[in-house]
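The two complexes that follow have chain A in common; it is paired with chain B in the first and with chain C in the second.
Showing the complex of A and B:
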């Protein structure tokens, strides 16, 4: 077992453990900690896939900004362990878990079928050896982002501005869900 | 015949199945949990699963378009988290609780 293989299995274990922690913990702070574990491990997975810049962005945006947002809102609420963290009803819960199982079975079955039908993607180095040296670099990423997708990129800027203004307006609003006393 | 090197040779399928498992866990969280903040965390899990898929295909096909798409997904995820948490704050101000069963009487 080489170092790369061990790294993948370790990170996969960390990701799954963190995700299960998010779903199964009743205290929301523990859920947030599980989400941090998952985010950092996903950033490391990006490094093993040679997407170094995305790994940095993942760490800064998710593990930095978004998680700080989550944890600050949780601290603001001061929630104790929830009395009813999970949804009610054994039959409805079984239905929901069953639907998740069906979906995951479909996805894994599709992968297995594709693996049997076409070994090209799974064969080691057949595709990756030719072009993966260029993928890791930042320059082709920047060229693709600012030449081919420049309008989408600018639209994202507008979207973020609208979101920022809308969030401030929403949290200061006096109508709707706000107490009128 | 089952290949015996499935544990020692990491292929694209490993990453894709990891992504599928993560997406399924996130979906289970969205369906089962009642706290709206944990719901948003589960949605973040699903978006991260999609990001892993994008980066995997980008790596194995040798094109950077997938990584560009991951940028967009990250931006949307951050925006969604901001708006969702603002809504959660609004609900908490009214009901002193962030359980989604209060969504059914949000008539102002």
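Showing the complex of A and C:
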């Protein structure tokens, strides 16, 4: 076993363990921290694929900003009822785990099918080889984002702005935490 | 950094370097604590620790023994696992991020080249920012795991502050990235060697005395970056997380002994990253005022007359140059802490969101416009 395969299996185990923790833990904060573990491990997987920029962005945006906010908000609220709702009932729990299993099975199946189809078509180069040449550099990424797909990129920005404005508008209307009255 | 290394030799060297950089960081902390206590005493017209050893230097050894022999206390209402995990995790982001900062010219020894840094990352800035942004979790974990109101309030304040100032921090170095056109810290330092000279609008400006450092290209970015790093490392005037008058000691209220010391090392680690990045972005990294490493090497070669020795000396001289700048910034951190009072919470948020963020944005836009105009329009 080389160092790279060891790293891959180690990180894959961390990702799966973190993701399972998100679903199986009863305490929402533990779940959120499990999700953080998954995010960080995914960033580390990006590093082993030499996609350093993606890894850094994953760390800054998801692990560093989004999840910190999640954890903060979870800690701020009193979550006794939610903890009960999460952990109540064996049948519901089994249903939840079952549905998660079906979803992950679907995803894995789709990937496997795509891979087999790719091989059947005799696609040039595996996924790994394209990743190491193109994704690691920032220039191809920037060219894709700001030249080839600039319209959809800007559209996504507008969408995010709409979401932010909408959230503020909703929370300021009736009964929200920022209610005017 | 392509991987852990391909041969056994490379892997061993990388491993040793990792351990060395980590030890350097940890060993710098007692000196910094001593400097902080003596420095604060000097600023406040006191003596500071001066009894144990010469100038009180052995005080820290005595403190370490005290820390190690303290009672291992865990609050009853808290979460035991998180309470123990938080101080351990506090060390990791600071240590890993510091390894990406280059500290000297690569050492060339008969065919082998050793980089004087933990590991080289092609997108150094993104890596350092990404890894050090994970520090917010240790604070949150400590605050939650303590099961105390003061701890939780301190953790909330600290993480809100870190998130708010991360934006200003990230935007303040966009100008730097635009000027040098790279994310790589080594390339940035290479661009700052020698005397100041640049061309714009068809004119070439050069100076015989000033160095080619980033501060002359990005003065606003420098100020914003330095201010934001104070907030990121929870130092005064931004240490709302601690706020002794309101929160006892913030997120580490319940911590004592060695666990407290680990938080300390983490905080100083963030100061070190900030100082290293300040030197790298705006003050030429390891480069020496007005001279390129090649010039220094030739001068040393003329002095000792041996290629091997000149190479080693060149690395050592640049390493000292880097550490001099590094130490100056660390001293400024301490100096500011004992000079300025703490902000109010609303002032803190106003400075972050309404002052620093717009200025950083404006700086980035101005830099982009000037770079574009300076290279396309010739008068």
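In the analysis below, the second predicted complex is superposed on the first by the 119 of 181 C-alpha atoms of A that agree within 3 Å, B and C clash if a C-alpha of one lies under 4 Å from a C-alpha of the other, contacts with A are read in each partner's own complex, and residues count from 1 in each chain.
By our rule, a residue touches a chain if its C-beta (ideal position, glycine included) is under 8 Å from a C-beta of that chain, and two chains touch if they have at least 3 such contacts.
Worth saying up front: this structure is predicted, and the values here are computed from it rather than measured.
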Which superposed partner A:56 touches (first chain B, second chain C, both, neither): second
Which superposed partner A:75 touches (first chain B, second chain C, both, neither): second
Chain B versus chain C as contact partner of A:166, first or second or both or neither: first
Partner chain(s) touched by A:64 [first = chain B, second = chain C, both, neither]: second
Contacts of A:44 with chain B and chain C, given as first, second, both or neither: neither
First, second, both or neither for A:104, with chain B first and chain C second: first
Contacts of A:33 with chain B and chain C, given as first, second, both or neither: second
Chain B or chain C, by number of chain A residues touched: B
Which of chain B and chain C A:3 touches, first, second, both or neither: second
Partner chain in contact with A:156 - chain B first, chain C second, else both or neither: first
Overlap of chain C and chain B interfaces on chain A (superposed complexes): 4, 50, 53, 57-58, 65, 69, 76
List of chain B residues in touch with chain A within their complex: 7-18, 20-29, 31-35, 37-38, 40-42, 44-45, 48, 51-52, 55-56, 58-65, 67-68, 70-72, 74-75, 77-79, 81-83, 85-94, 98-99, 106, 108
Of all residues in chain C, those that touch chain A in their complex: 2-4, 11, 121-123, 126-127, 129-131, 133-134, 136-137, 140-141, 143-144, 152, 155-156, 159-160, 162-163, 166, 170, 183
In the complex, chain A residues that touch chain B: 1-2, 4-5, 8-9, 12, 15-16, 19-20, 22-23, 28, 31-32, 35, 38-39, 42, 45-46, 49-51, 53-54, 57-58, 61-62, 65-66, 69-70, 73-74, 76-77, 79, 82, 84-87, 93, 96-97, 99-101, 103-104, 107-108, 111, 115, 121-124, 127-128, 130-132, 134-135, 140-141, 144-145, 148-149, 152-153, 156, 159-160, 163-164, 166-167, 170-171, 173, 175-179
Complex contacts: residues of chain A adjacent to chain C: 3-4, 7, 29, 33, 36, 40, 43, 48, 50, 52-53, 55-60, 63-65, 68-69, 71-72, 75-76, 136, 138
